[in-house]
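Structures are listed in the sections that come next.
Next come two complexes, and both contain subunit A; in the first it sits with subunit B, in the second with subunit C.
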Partner chain A sequence: MPEDALFAEVLDPGNRADPYPIYARLRRTPVARQRDGAYVVSTHAAIRSLLFDPRLSSEDLPPSRRPRTGNPLKDWLLNPIRNRVANAHRPLIFRDPPEHDTLRGFVMSEFTIARVNGLHGRVAALVDGLIEACRGRDTVCLVDDLSYPLPVAVICDLLGVPEQDEPQFHAWATRLATALEPDARRDEEARRETVATFDAIADYMRALIRRKRRQPGDDMLSGLARRDRPGMGEVDLIATAVLLLVAGHETTVNLITNGMLTLLRHPDELGRLRADPERAPQVIEELLRYEPPVHFRTRKALGDIAVAGTTIPKGAPIVLLFAAGNRDPERFPEPDRFDPDRTDIQHFGFGGGLHYCVGAPLARIEAEIALVALCRRLRDPRLLADPPPYRPGASLRGPENLGIRIGGIL
Partner chain B sequence: MRVVVDLNRCQGYAQCCYAAPAHFELRGHEILFYDPAPPEAARGRIERAQQACPVRAISVEGIDLAEEDAP
Partner chain C sequence: MSGRAGIVIVGASLAGLRGAEALRRGGYEGPLTLVGDEPYRPYDRPPLSKHVLAGELAADATALPQLLPLRARWRLGSPATGLDRNAKIVRLADGSSLAYDTLLVATGARARRWPGEAEFAGIFTIRGRDEAADLRAALARDPRSVLIVGGGLIGCEAASCCRDLGLPVTLVDPNPTPLARALGTLVGGTLAARMRAAGVDLRPGTQVRALEGEAGQVCRARLADGGSIAADLVIVALGAVRDTGWLSEGGLAADAGGLTCDGACRALTRMGVPDPNIFAAGDVARWPNPLYGGRLIAVEHWGNAVEQAAHAARNMLNPADPQPYAHLPAFWSSQFGLNIKMVGLADGADSVAIVQGSRAAGRFLAVYGREGRTIAAVSFDEARWLPAYAERIAAGAAFPPIHDATDQPAIETRPPGFPPPRPFPASRGRVPEAAHA
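The block that comes next holds the complex of A and B.
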């Protein structure tokens, strides 16, 4: 396999279960140009230097294009305007400073320590209920039974989205998460579908925000919707709300599922966590290194950038392959070994730099409570299939489901 | 117990503030205030803060998570 086609191999669903050997080959060239002109960055040092480089832009999405309707008023007037608005008001993961910083500041001002840490009891009760619901069965389907419903309930709670509406936007959230994958962006049809999905979820959010303004609650969306936020207009507010909702759906799912998969593959570590829940923080940090929920993010070069012996030309797409940096032997001794006792776990599990995951503290709380409870309460858990079936995404990578045979609930 | 934060390394990610809010506080965007001598009873929270730090800037007496190549 030629080096300039390796990233195509990463995207190939056939390699989803174990992309790490491809990452190892990519790391031989820390910044590797691919046939389509993208530069894949795969060593820890190169990723870290680029994460803090202001010449990298996150505004790398192709412009949104609404599909033709046949209605000339829409096709020639309304939709071009809506496209321009959508392009100018993307959610903050696709924005650069200074607008990014303004929007992120508003989110952080609502993502307060008290609000996040106050979810502890709610998460524990949800986990308890979801595990209890498996009583009497001899198998658990982890994604359906816990990894998916838990973060969804928590993000709905935090944002103030009525949980009974969740089935309605379940498919929307999945669709928008798929839109983050690079191959989805190249496919014209997929891009149109993404735009249509965003319109549908935006309409839902607009109506919800109107209700929150009439009757504010103590939730995040009510706080974000306050009118005293210069720099965040209506369209930005909706984009932010959609982003938080989708991010809450699609990432923690992978952290919990990858976590349990890894522990089941390392029964000694599962036993140690069961015996000593205080190990959870170091287990989770090592999981974020070893099997991160998000494998890469893309950027664009705003100027010529020399890094690790290669010059990335202005305008080129850049792939920051976090999961490869996490397994870099130059940085971590025995990187392919899952070892929660390693003292140096400076991972890219939540990215880094100015786009560092806003939800990191919440993800840690959910993963810790869920994994400790699963280890302590599932009797004799064993994997039904290894590797499990994977979802198609190469960036938001995780099992479609994880069948676990159990001898009961403790 | 003794806690030291390498403020040259700290980038203001605020993960410690979520993990141990009684002992770490970020004022503004980048000024970190912290308790250099937290009580032994807080050890669990302090260790969580140390583990959660994306740049490994927190040292706790007896636990060394330092790394070789500081940014």
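The block that comes next holds the complex of A and C.
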């Protein structure tokens, strides 16, 4: 396989179960130009350097493609305005400073540590209930039974989305999450479908925000919808709420499922976590390195950027291959070994730099509680299929479902 | 290192502790003694001028975590008073003496005091735990008005705390803006505006000539410009004096500006020769920094104490292979709701440019250049990009170092506005003007 086609291999669903050998080949060229002009960055040092490089832009979506008016002067006047309007539809993960910083500041002011820590009991109760519901069965379908419903219930709770509306979100969120995959953006039909989904979810959010403003609760959306938020217009607010909902749906699912898959592949580690739940934080950190929920994110070069011996030209798309950096032998000894006892573990499981995951503390809490409970309460768990079937996404990568045969619930 | 006396570390603060830990981590198994002038185990100083003054944290709740078992003898509350290099002995205030095979000097610095301070109650400095506790207690007694003498980091942080406590604050500094020596007056002007908006009565460009009292209590300051300021609580924040008095007879190149070392953290004698058995780290150490053209620099910041102590320990354990210590100075400060972070040394800069954000928005990153090279960067509520600039400062990149950044204004290079260089550091007991100047 030629080097400039390796990323196409990463995107190939046939390699979803084990992309790591391709990552190892990519790392031989830390910054590898692909045939389509994108630059794939795969070593820990190069990713780290770029995460802190202010010349990387996250506004990597094309500018608005509305038909021209036919009048050059009018186009010249109108296009910047249209682009600004289109920009406001982008959630903050696709925005640059200073707007990004303003929006993120508002989110952080609501996503407080106190609020997240306050969810401990709720998460534990949800996990208990979901496991209890499996009693009497000899198999657990982990995604359907726990990994998916848990984070969904938590994020809906946190945002203040009524429980009965949740099923409606399932399809929307899945649709919008696939829009994060690079292929989806090039496909015109997929793009149209994404736009339609966004319109539907935006309409729902607009109505919900109106209700929150009339009758504010102590949820995050009520807080975000307060009117003293200069720099966050109505459209920004909707985009932010949708982002939180989608991010809460799609990433923690993978963390929990990948986590259980990894533990079932390392039964000694599963046993140690069962015997000593205090190990959970170490286990989660190593999971975020070893099987991260998000494998890569894309950026755009605002100028020529020299990194690791290659100059990325201005305007080029950049793929930060976090999951490859997490397995870089230059950074981590024996990177392909799952070892929760590592002491030096600066992974990219939550990205890094400007766009570092806002929900990291929440994801950690959910994964810790879920994995400890699964290890302690599932009797004799064994994988039904290894590897399990994977969802199509190469970036938000995780099993479609994870069949586990059990000897009962403890 | 095989001698029976072992290693003695004089100074039981951050550098001393981290040095001791690095020695043990590096495999040193011999005797280890830490000498400290205060009766306390090592504690963290940054919170003293912030959370402790604000009353959010007790001064005695600042103990530094010990990262591994040290198996050390602690000689606390008994400062070192002398050094005999021939006999390889450190003398202590309690009359005893300690033999060493290898010595690490980590005595740091002490707050520069107001001459005649003992005359009046109500005059404070901030450096140690006890000083911070005393000042906190006085602030909690609702003084009528606070005067801060000196607009450096400590003075500004103290001013911020006092305003948070709702106390009237006047700050007097001889320079045109606060933090002028660290940041220049262009960037310092932004902070000045912020301080004024927070209600600080800022008096730049003048000095306190004398402090006056009534019935043993300070009540007024006379200024050099002829004015006077009523104040029943005065915080003297005129910087620090390196704690080298105990080295005066030892034949080492030490004065109030620090103990001069070679590039490998080894102390130099007055003849300019390194003593192979004496190392120094932290605020007290002045060494030729290769990142700044070998200029002799002493760095009074947290990160340097940690890094230099570890480096000195490494060289102590590998005397045949001394490695040069290159350190990019860095500090952070929180004040007036701002997070200020700096990398590099800006003094000596001939230009400054805002490269991201804007001063109007109150969130920006400024870089400093000298002769076409980038030498420092400071961020106001914009610290995330600082590592990218630190990398380029260490590499001596051209100024300005990064083009095409997000949120980058049209780059405009301006004079940074540094006050004229300070004369040789004043020693204790000099007139306050010299301390200011």
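Worth a mention:
Following the convention adopted for this analysis, the second predicted complex is superposed on the first by the 384 of 410 C-alpha atoms of A that agree within 3 Å, B and C clash if a C-alpha of one lies under 4 Å from a C-alpha of the other, contacts with A are read in each partner's own complex, and residues count from 1 in each chain.
The criterion applied here is as follows: a residue touches a chain if its C-beta (ideal position, glycine included) is under 8 Å from a C-beta of that chain, and two chains touch if they have at least 3 such contacts.
Predicted, not measured: the structure shown is a model, and the values here were computed from it.
Comparing subunit B with subunit C, more residues of subunit A are touched by B. Legend: residue contacts after superposition of the two complexes on their common chain; A:Pro97 is shown touching subunit C, with no touch to subunit B. Of the two partner chains placed by the overlay, only subunit C lies in contact with A:Asp53; subunit B stays clear of it.
Judged by the touch definition given at the top, the superposed model places A:Val116 against subunit B, while subunit C stays out of reach.
Contact with subunit C, but none with subunit B, is seen for A:Leu302 once the two complexes are overlaid on the shared chain.
Touch criterion met: A:Ala360 reaches subunit B, while subunit C stays clear of it. Overlaid on A, the two complexes show subunit B and subunit C touching the same residues of subunit A, namely 52.
Of all residues in subunit B, those touching subunit A in their complex are 13, 15, 17-19, 21, 44, 47-48, 51-52, 54-56, 64-67, 69, 71. Every residue of subunit C that touches subunit A in the complex is listed here, in rising order: 356-357, 361, 363, 384-385, 387-388, 391, 402-408.
Of all residues in subunit A, only 49, 52-57, 96-98, 101, 302-304, 314, 353-354 touch subunit C in the complex they form. By the touch criterion stated above, subunit A contacts subunit B in their complex at residues 45, 48, 52, 113-114, 116-117, 278, 281-282, 284-285, 343-346, 350, 352, 356, 360-361, 364.
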